[in-house]
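Each of the two complexes below includes subunit A, the first together with subunit B, the second together with subunit C.
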Partner chain A sequence: MLRPFSTLDQKGEKILSKRDSLLRLVCKNKFIYISLLPTFVLLIIFRYYPAFSALYHSLFEWRGVRTEQFVGFANFVEMFKDFEFQTSLKNIAIITVTRVMISLTFPLLAAELTFNLRNLRTQYVYRTMFVVPMVVPVIVTLLLWGFIYRPDGLLNAILEALGLGYLCRSWLGNFNTALPAIIFIGFPWIAGLGTFAYLIYLAGLQAIPESLFEASTLDGATRIQQIFSIDIPLLMGQIKLILILTIIVVVQSYYIQLVLTEGGPGYATMVPGLHMYYNTFSYFRMGYGCAVGTFLFAIIFTLTVINRRYIRSAVEFEAK
Partner chain B sequence: MRSKIYKGLIREVSKHICILTLIFLTLYPFSFLVVSSLKSHEDIIHNMVGLPQVIRWINYIVAWKKVNIYILNSIMMSGATVGMVIFLASYTGFIFARHKFPGREFLFYAIIALLMIPRELTLIPLFIIVRDLGLLNSRWGCIIPWTSGGLVFGIFIMRTFMASLPEEIFESARLDGANETQLYLKIALPLSVPIVIAVGIMHFVNTWNDIIWPLVTITREELKPVTIGLMSFQAIDPYAQNYGPLFAGYLLTSIPLIILFMFTMKYYIRGLLAGAIKM
Partner chain C sequence: MKGKWIVMVLVVVLAMSITPGWAQEKTMFGPEADLKGTISIYARSYTPLEPTAADRWPPPTYLWTIIEEYEKIHPNVHVKIIQGVASGEAVTWTQTRLVSGTAPEVCWGQSRSDVYVWARSGLLVAMDPYLNMPNPYIPGNKKWIDILDPSVIATIRAPDGKVYTINGDLVTTGILYNADIFKELGLTEPKIWADFMTVLGKIESAGHIIPMSFQGAEKDMGWTWLARFIYYPLYRPLMDKMDVIPEEKPGLVTRKEMALAWKKGIETITSDRFKTGVQLQKEFSQYWSPGFLGLTASMAYDQFVTGKAAMHLNGSWQIQAIKADPYRKFNWGMFPFPPITSETSPYASEPGVVKGLTLGGPSAGFQFNVPVSAKDEGLLEEAVDFLMFLTAPQNAGPLIADLGSYMPSIKGIEPPEELKAVFYKPGEAEFIDLKMLSPGYLNGPKEAIDLCYKTWQLFIGEQISTEQAVSQWNKDMDYIWNKMIQESEWDFSKYGVK
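Let's look at the complex of A and B:
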């Protein structure tokens, strides 16, 4: 194609040559693009497309086949009016708040205790023992706790042995105890997510300069005073990180209920993720499921942005 | 002076007591599992907290016949996924770390942005895609989505690590006439072994523990991995009313992870901590 003369003025020539060199660069690197192709094909088909498809289909009545009907925000309206979903919101709020309080206390307590031992060798041994439950598959831990809670299970047997037999019940089958029982799984909560928090806190404590402790000891501070005036302020970055990660993980998780209670009895242990799961795979209401998924995504996306903006940068240490 | 020493001693002992209590409570359910797996059913019901009256190794034989197929499936599926993730993530990470090309940062952020998307959002359309590709009730129906899931984090970690390798090594290899493939295979990859192991083991553990995806894609008994296999072992099996073999089965399915962790625990912890900081 012939170019009109006017593009050959000084400015135009510059643009032209820049574009040419970009093209040349792209050609020169064509093998790079070709070798990136498999990765991108996988990510586009199995990650990008599903994400956009979910956002799109949250506005449709969709049963997983080609016929789909645009319904606007009806799915979202229905969702917030649904008693099951309302209950699941209440439950997830309770679970999240308690889990956050747990992950800020028990693993921190364990980390402080480990850190304050004099002998480094024993420190290492105890650390290893706290980390051991990590090797047990999650499903085994869950099924084991399922057994502990059974009417003929371990918890009732222990209560019986302690002479507290009148407290015995089917812990997961009872309206009042099902949700607390779900939260209690993993007591004293240093396994699972707690192990992670424990390791983060411990690494943070070990990164505090020795001289700070020495100086305040000379000033007559006891160890307990130091914990509140040195350790916790300096661990604030880690504490915020654990806080936000716990929320992100807990808000979207429903596998415990899926394995142990199916959300019951009634809706006593129902959570939004499980609500989505059953609407999708039991009632085949894919569009509605996508709306619940979009709702969860909005919450988690917000938290992730907060995490990246304000919290991540506060934790700077070399992972050991 | 002496009372000060005593005080210090008491304080030290009480710390040990507190820690040991926490450790006991943490590990007790698992020791209960080990002890009970050697008991008969009646022994478990009537003597729940005590030691076995007779040690029944046969529980393990009964359980093995049932769970060996689950273990094999899990090893195959998680193993294949980890292999693919390590291969794709390491060379993609290598390209992003050591090459300059137009659109590099844009393409990289296009990958990293996926870290913001939770699995709950993509679950339903991904299920539809896998169904339409005819991959339901197939090992590939887990392997491919798992691979694309683990890839994002893998690429991120690998690029960060490989970018920190000194340029001089690559420069001198180039002067000696090495091509790009050789640079990747002979220099970048061997130097990245610790991070490769960390990424591999983290992804292995994540997929080994995944319950939801196999549950929606696999219904055929002979294809089930450990997670959902144990659920059906519990639910429909005649042994369900016989806790001994059931508990033995729980332990047998834990063994591969235990062996893996014996060799790679420190890499796993390092990866876990590094991942949390950088994500």
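Let's look at the complex of A and C:
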């Protein structure tokens, strides 16, 4: 039997069904929903549709708009057999682990140093100085690092000047140094995502009640002890957020390799994102590219779920 | 009776009024054609630019003149120039546009690599029917194809046998050298590989300069060139055995003939002939810039122009730059790549048989294609007509001269004087690409070329042995040729190959 839209309770009063209450809620807040509508439409067109399209096309031999042939999971099978893809997975694993370690330490260290400055004005100046590099376009930063690493670049010039000429090399052209050089880009890693992490950590530190510090000081805790016993446990919500964001950004990212190494020399700096880009836009193997993209999505999704489920924070910040 | 006459007269009048419309075939192309609409062109190197104070040499502008003249002839057609496509991203940009059906109606594309991929995906219009029509912008022309170089046409023909690209120029390459250093060390331009190695050795011994700035970080202008310079003289003696398909142009070993040679075991990667080439590349690499795998083409050029390297492999497009470069403080010259001869390997010919080598051919700026989307938009005739106008020698000649980087491949156009002086040394240079599309791994789809390149990087960077590299290339080659044979539906059964 179909459930009526609204029913009467035992006293004969009308009880609103869920649908009625939802409609009423929507009508009541129609301005908000109308305002949100363009955002949702754009999200669907530019985010959800391409994602679902990629999922669908990963099952096809697809070279663009004109030819497509259903191949089942053949693209995925080929992907896992592909030596370049296997190497790219190893590389991205190394990059992700180191980048996660970096974004959990260096921006936190910078935030702690800024937070512990006694003079508020000085704190403001340092905060501004850390944030200003954010406005420099990424491509400029990358080209600058390309100049630092080139065989006749800044790094080798410094090594020569210090009498360490025997260490000079083509940093991005050497099989042993290319990947570490890619990871080292952005040192001391406070720019870009690092700036964002820095600001999140700093905001978290500033939100810790002053009374906790005062009480622990009275108990004789040193500042270092306070960092490990108060700051870090209370920053776990932020740490978790940065962890998720870093994984998402790093696993997807390939722009550094695209600009500086093209994944080489050999496969030394190849990552799945770049492998996907080349297959899609250079080789026209769009079905295969979609399969790589789908796989990356699955990896990121799984890691995010694991992070949400198993890494618990001491304090979760909730919107009220 | 009178009424009958009236009816007959009316029929005759009516017939007369209709007949001219039937009898007179509609003019598709030329000044009389009824064309209208807006077409756009992505002209790559020929894209005109406004001169600025920062220019070290005048930018090309002549395409504006051509379009202005064309629009005078066809006032209902507007030709829009696509500006601002970064050259490094040109292929990706064009490819994306082609897929989405929004590519310019006349668009540049590298004829033997990208165009092959695009054509295979059904994104380009085959130009063959139009090439067999007269070009009305050239007085007395019977077929448009007659003004185009037959060797070029044979070279750019796609594996399916069709021509998709209208080509108007050739690119040439050579070794730029620091003439002051050559003079100081008493060196002369080497004519053969053995002499070349001697020259490199002497520069190395002098100790203060890199003998050759060579870039290994990008495949173009590095490995893709080197492979052809090395293998052409080694495989040249086999040309007669490879150039065997009568319907393919005689004198040029085409892609199809290369595939047949591979299947028949004439061109093999595991042969000593091929391995000789691998070893010679290794020998050559000892003279290259330190850390060459991290060196891009522009870095390699910088090393040369600032006097840090004595020689540098480059192309005709760099002539204007090197002439005007303020960092250059020396005299310079250019010579074709010295061929390997029997002095170095028994697989090569006697000295003098193979001339100095130059590369490129139809891979320059004047390589225009028409996407199928032009047909969908009803602009196919407009695009083809504009290309006919563009290739007419009175238009293409000044256009190519204005840029000053490439040789014309259209009959009736003289090359620019300064290019003639540098590159055209009569009897000294041989265009590899107009003779043989070698070696095989440069003819496959892009993904296969990239695979081979990565293997080369691993080999030359001493990460894998010669045997490992050869084994990998052999696998890649099998993949390339089998895929190409299958996709192109080539039947070699009459040559005894399944």
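The rule is short, and it goes like this: the second predicted complex is superposed on the first by the 250 of 320 C-alpha atoms of A that agree within 3 Å, B and C clash if a C-alpha of one lies under 4 Å from a C-alpha of the other, contacts with A are read in each partner's own complex, and residues count from 1 in each chain.
As a working rule, contacts are C-beta pairs under 8 Å (C-beta built on N, C-alpha and C of every residue); 3 or more make two chains touch, one makes a residue touch a chain.
What you see is a predicted model, and the numbers here were worked out from it, not measured in a lab.
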Once chain A of both complexes is superposed, is A:V131 in touch with subunit B (first), subunit C (second), both, or neither? first
Dominant toucher of subunit A (residue count), subunit B or subunit C: B
Touching A:D152, do we find subunit B (first), subunit C (second), both, or neither? both
Thinking of the overlay built on chain A, is A:C290 touched by subunit B (first), by subunit C (second), by both, or by neither? first
Kindly classify A:F213 by the partners it touches after superposition: subunit B alone (first), subunit C alone (second), both, or neither? neither
Go through the superposed model and pick first if A:P265 touches only subunit B, second if only subunit C, both, or neither. second
Quick check on the superposed pair: does A:L113 touch subunit B, subunit C, both, or neither? Answer first, second, both or neither. first
Partner chain(s) touched by A:F281 [first = subunit B, second = subunit C, both, neither]: both
Under the stated touch criterion, which partner chain does A:R63 make contact with: subunit B (first), subunit C (second), both, or neither? second
On subunit A, positions contacted by subunit B and by subunit C: 64, 152, 281, 286
Help me check something: in the complex, which residues belonging to subunit C touch subunit A? 91-92, 95-96, 98-101, 117-118, 120-123, 216-218, 289-295, 299, 302-303, 308, 445-447, 450-451, 454-455, 457-458, 461, 463
Which subunit A residues qualify as touching subunit B in the complex? 22, 25-26, 29, 31-33, 35-36, 38-40, 42-43, 45-51, 53-55, 57, 64, 106, 109-110, 113-114, 116-118, 122, 126, 129-141, 143-145, 147-148, 152, 154, 157-158, 161, 187-188, 190-191, 196, 199-200, 203, 241, 245, 252, 255, 258-259, 273, 276-277, 280-281, 286, 289-290, 293-294, 296-297, 300-301, 304-305, 312, 315-317, 319-320
Subunit A residues within the subunit C interface of the complex: 63-67, 84, 149-152, 169-175, 178, 261-262, 264-267, 278-279, 281-286
In their complex, what parts of subunit B are in touch with subunit A? 12, 15-16, 18-19, 22-23, 25-27, 29-30, 32-33, 45, 48-49, 88, 91-92, 95, 99, 101-102, 107, 111, 114-129, 131, 144-145, 147-149, 151-152, 155, 180, 208-209, 211-212, 215-216, 226-227, 230-231, 234, 243, 250-251, 253-254, 257-258, 261, 265, 268-270, 272-274, 276-279
